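Pasting the structures in now, so scroll down.
The following pair of complexes shares a single chain, chain A, combined with chain B in the former and chain C in the latter.
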Partner chain A sequence: MTLTAAEPTPRRRTWEAFRRNPLGTGSAAVLILLILVAVCAPLIAPFPEGYGTDTSQPPSGAHWFGTDDIGQDVFAQVVWGTRVSIMVGVSASILAIVIGLLVGVAAAYFRRLDTPLGVLIDLSLSLPVLPLMILVAALAGPSVRTLVVVIALFSWPEVARVVRSQALAIVPLPYVSAARVVGGSATWIIRKHLFPGVIPVVGVSVVLTTSRAVLAEAGLSFLGLGDPNSWSWGAILHKAQMSGSLASAWWTTLFPSFAILLLVVATTLLSVAYNDARNHRTR
Partner chain B sequence: MRLRFIGTRLLRGAVTLWFAVTVTFFLVRLLPGDPVLAVADPNMTEELRAKLLADFGLDQPLPVQYGEYLLQLVQGNLGMSFRQSIPVTTVLMERLPWTLILTLSAMIATVVVGIPLGVLAATKAKGWVDRLIQVAGITAQSLFVPSVGVFLLYVFGVLLGWFPIGGAVDPDATGLAASLSMLHHLVLPCLSLVFIQLGGYVLTMRATLIEALGEDYVTLAKAKGVRPASVVWKHAVRNALLPTTTIAGLQLGALVGGAVLTETIYAYPGIGRAIFEAVGQLDFPVLQGAFVLLAAAVVAANLITDVAYGFLDPRVRTS
Partner chain C sequence: MRRTLIAATVAALAVAVAACAPSTPGSGTGTTSNSGAADRLTIGTTADVVNYNPLVGNSRTDSWITNLMYPKLMQMDEAGKRIPYLATEWAYGKGGKTATLKLRDDMKWSDGKPVTAADVVYTIETVDKEKFGVVAGLITAFDKAKAVSPTEIEFTLTRPDGTFLDNIGFWMPIVPKHVFEKAPSVQKFANDSGWVSAGPYKLTKVERGQRYLMERVESFTPKPSVKEIVFRVFPDVNTEVLALRNGEVDVIGNVLPPATAATLKSDAKIKLQQIPSLGWAHLQYNTKRKPLDDVRVRQALAHAVDNEAIRKIALQGFAKSSNGSVLTPSQPGYADSTSKEYGFDPAKAKALLAEAGVTSPTFSMVYDQADPNIAKWAPMVRDSAKQAGITIKLQGLERNTYLAKTLKRDFDIYAGSWAVMDNPPANLGLAFKSGGFINYAQVEDPQLDKLIDKGQRALTPEAAKAPIQEAARIIHDKVYDNVLYVETFNIAHSAKWTNFKPMPSELLSIINPLSLAQVKPAG
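And now, the complex of A and B:
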């Protein structure tokens, strides 16, 4: 560790560039705040359940985001909704990335698998995903676990496509052939030589897949396929739609909608900033 | 050459459709849960259960069911709706025209608004107009469809009362009045879809046009003394339009998903609303049929854009 001063490592350079971009740091701060709300939900507001006395009240000092038609506090709903929305988004995205990474790398490394897997990825990407997710979620029955699995099941092809094209550029490089020549097993070469090359691309994909998963969760919950025992941003909108307060009580829809927008804009800007920072040419 | 090009695209479309049908068929059959429980009450007798299974052909071995399903599908039969006891095809075909009207009008409106906006951003690149359009484009791409729908519904339907808050047409209107009423009902749902689609078109148009404006032929046109507006619109935009056509194909899936959510909000009687109703009633044949039909629509639309692209750009045909 004596040679650090002369030439900063690429990782360090990316971090330095990222830190100088206010859009990137601002988005990261928003995401950290949302994650904190999700983790600390029980400390911020009581779990919204049962019936309250103040029904359909607009925002006030006592109820920051107003109350819904059965008197529950919308602020508490949004806080607890943050928890489920982010949890489902992150779990589904991790699952999708693991599947996408394995399929993408396998397609690029094993020649024989490339055609069938490539066709599978292309076919999956050309289908309208939401109606398919609706069908499967309705069949499997509503629960948080169903949401995670269903969203992951139909989100991995996007990751696999990105990983495959990146891995296809690495496989013909001499160091991979060298690893093969010295007798390395396929799993060893993939783990030690292919993964390090594709991980940076996956880094961007993690945030984007998460935000897409959050949107998918909101869409399914909005249609009534969410977990009936827990709150998510989409579920708040679904209840507003079912009770008819969608059009009259603007506060029941504005705040969850704003939360979704905040998360998705922050993840998009974060990935833009990360890409700019990593791409040393554009700086 | 052209025939072969169209032939390969047709084959690809057919394979995609077969894949969609097969995936749903096996997903529905292999998932845990008794499909008969969905139609009848759980305390039914064993004979009744067996009779229901036989009625829906669910007592046959899986490959037989699959073959039968494909055979029926080719004849345009999507099975019977569990709840309404009428063919799924009848249920959905009534709804399909509304979804087509909604999605097509949204697509046309997006192109009409999006392309000039992209051109504006590209010609004013790095200026504040460009910055504004870029930020708005990214934000628009991040919007949740129902949120946009509810916002427009609240402002223009409830507060201002300019547009109806639901439905697709006034049932009492006839003739010209009916057409006007249809357009009147279409504005808000269509606008919701335009909002979420616009970002992709604007940003792609901007990026490809900036690239095209740096090409030699643009410099040559400028040097010849062609008017600046003509350089942009007649020379550069024509070439930048091609990648934008690809975006139309890529966004089809998102457009269909958006239509499902938008129709739910506006009680617009399309396929999406039918899906929402079928979710509430656990009517699986309708859900499955709706997916197959929407997949077919997407495949057909992709085929049309592909072939159009092939005619516009000969390089695609020969490669």
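And now, the complex of A and C:
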């Protein structure tokens, strides 16, 4: 059996369209760079700890991003912050997607569960998320794990809603009914027929949920609910605000803010480009 | 697409919020700029008044405003010594079983009635009966009070207590009997309108979240030189500093973070007033937890803290060493010059741990993450301890969680600070006597209890000095408290004003009643 190159697969077509979009490839490059920084943090800068006598120094050759009010290198903080921010973002998003996927698919496939789960999703979507996150994070105590769980707990409904509407379109299709007729179990049908159908929407969700999780992490850390034993972009901003040097030491806030901006814009553009590439009408 | 737009907007907003300070709310400005007339002094604060009842309220803004409305019996000079305010003279009698006070006779409530001994008797009896607020915990020796004349009071005590007069003098605001007695429960009395007060200023207008307007009391002696005092509410210190630079406020009531103080030093339009703290910042080790019950482990921890670096870097030099003693330089009458700080010495710390048979221990350290100074030096404590092979896990907590944990004594190491420790015999009792209200280290040391009792029974500071110094030495040697520094507070005011009367502690600083009664425009 041989494959003919004449008719490219849908996946291949999407990739070709995506590759032609400079916004998409540029964003992907930025994200890969950020991930590289996160992974290689120990090679780029030493872990920021201790204290130095060069306090609140503006950016210079020795300290690219300047130093903070206890003399730590802001560049090292941003580099190590990338690691925690992305780690929290990705973990929270994976957790949220797993929950969202399960709830969404269950709601679409099991008719009887649709109403209660739909209500649960709508209810969760209408909750005042930030105050609740603050409350839970404050009660659970500050740690990276708490942040991941808290953010995931409040991010899954978005995913569940998207997955459910996509899955609802698949369930009535003839091949699903056929699978049911031949005696396929629910889990088998969900695994073999429903998951592959909803994975493309989840793909977009992963990226967007991650960026939202990074923002949520930055927000919580900025409010002082982050893990004091590790660095994240929000934690750097929090320390800058606490030190009262917001107005005088611009470098302590500009660089971490810029890192957040970079990540969020890159993920947003990437998902837009991916959506456009997948959609026949815009291709 | 809508979602991507939202995400992008959120991103842009987050950056905008993070990169610049929030804008100033309201548009009121100080009117001192051109006229030169002392019409209005504007003071910035970061919180609203929570409680107008001076016997209950205890936030800073509460104290600043109610201090101007309800007189205390005494004030404090820069060295922490009590000076007259409503009371002019005070003394103990009958071997410390009685105490007498004489009041000035020229103070009037704003409804025209005089401030008399009856008001003082009413206030202390109410506090004693309903048992609430700070004062209740400080007057355990109180039995009864009698107004001997309109300006004289005699207190009867259940035991000799040399801290009694200083405690009520400094902590107890006097409230008008004829107003407060109408409330069924004074503790629940909100006192949020129609104020009857007696101080240099009276509260006339409240705009919550915005400002509090206070007007001069013409009959107060000495007559206040400024007609109006306005407290304006800001979201945080950063915005207050911008407002001070723009001339929108004349004084920042809150203490400046050290880094901000360092940058404002060079500004010719702003003057920094340095105020000694009456408290201290410290680490306390939970003596009820293993292996912290071993004094050698506590000593090792004390040797693993780089106090000098904390004072120099985290506090930018705005802190004094207290020589490791709980008798700080702000209490010159008690301070012990022979006390020596545990120096930073990782090798010695390691040796002490080895001697105690403890290898690479791990401790958790709780602190209030909203306290800018502690949040800054807590990581320094962790990093210096690492050099001695000690792992400290930081638990920077949200304030209420932190308070709950400290109340339950649920921590290995506690990092915090006392705000006002104005009277060593009384304070050591609260902080180190068995079962003391703020005995966070859970110290139970009979010898220490005995010495503190002796200090409390002494009727003069001179007599209390020896036992209290001895107690402080035990606290130091057994590391019941590891005192890191005594902060020097920086209060910023516009150079257009002069003649403030600074008093120790951030509760009084330069916005105490006597200071605001005498402040005047410069030049």
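FYI, the second predicted complex is superposed on the first by the 281 of 283 C-alpha atoms of A that agree within 3 Å, B and C clash if a C-alpha of one lies under 4 Å from a C-alpha of the other, contacts with A are read in each partner's own complex, and residues count from 1 in each chain.
Going forward, a contact is a pair of C-beta atoms (placed from the backbone, for glycine too) under 8 Å apart; a residue touches a chain by one contact, two chains touch by 3 or more.
Everything numeric here is computed off the predicted structure, so don't read it as measured data.
Applying the stated clash criterion after superposition on chain A shows that chain B and chain C collide. In the superposition on chain A, A:70 contacts chain C only, with no contact to chain B.
Of the two partner chains placed around the shared chain by superposition, neither chain B nor chain C is touched by A:42. Counting residues of chain A touched by each partner, chain B versus chain C, the larger count belongs to C. Once the two complexes are laid over each other on the shared chain, residue contacts for A:53 go to chain C alone; chain B is not touched.
By the touch criterion defined above, A:10 lies against neither chain B nor chain C after alignment on the C-alpha atoms of chain A.
Judged by the touch definition given at the top, the superposed model places A:136 against chain B, while chain C stays out of reach.
Looking at the shared chain after the overlay, A:215 reaches both chain B and chain C.
Shared-chain residue A:126: touches chain B; no touch with chain C.
Applying the stated touch rule to the two superposed structures, the overlap between the chain B and chain C interfaces on chain A comprises residues 138-139, 141, 211, 215, 218-219, 222, 224-225, 237, 241, 246-248, 250, 253-254, 257, 260-261, 264-265, 268, 272.
Listing the residues of chain A that touch chain C in their complex gives 49-53, 55-56, 69-71, 137-139, 141-142, 208, 211-212, 215, 218-219, 222, 224-225, 228-229, 237, 239, 241-250, 253-254, 256-258, 260-261, 264-265, 267-268, 271-272. In the complex of the two chains, the chain A residues touching chain B come out as 123, 125-132, 134-136, 138-141, 211, 215, 218-219, 222-225, 237, 241, 246-248, 250, 253-254, 257, 260-261, 264-265, 268-269, 272.
In the complex of the two chains, the chain B residues touching chain A come out as 15-16, 19-20, 23-24, 27-28, 31-33, 138-139, 141-147, 150-151, 153-154, 157-158, 165, 252-253, 256-257, 260-261, 264-265, 275-276, 278-280, 282, 284, 287-288, 290-291, 294-295, 298-299, 302. Listing the residues of chain C that touch chain A in their complex gives 1, 3-4, 7-8, 10-12, 14-15, 18-21, 236-238, 241-242, 256-260, 262-263, 309, 312-314, 316, 369-370, 372, 375-376, 378-380, 382-384, 386, 393-398, 400-401.
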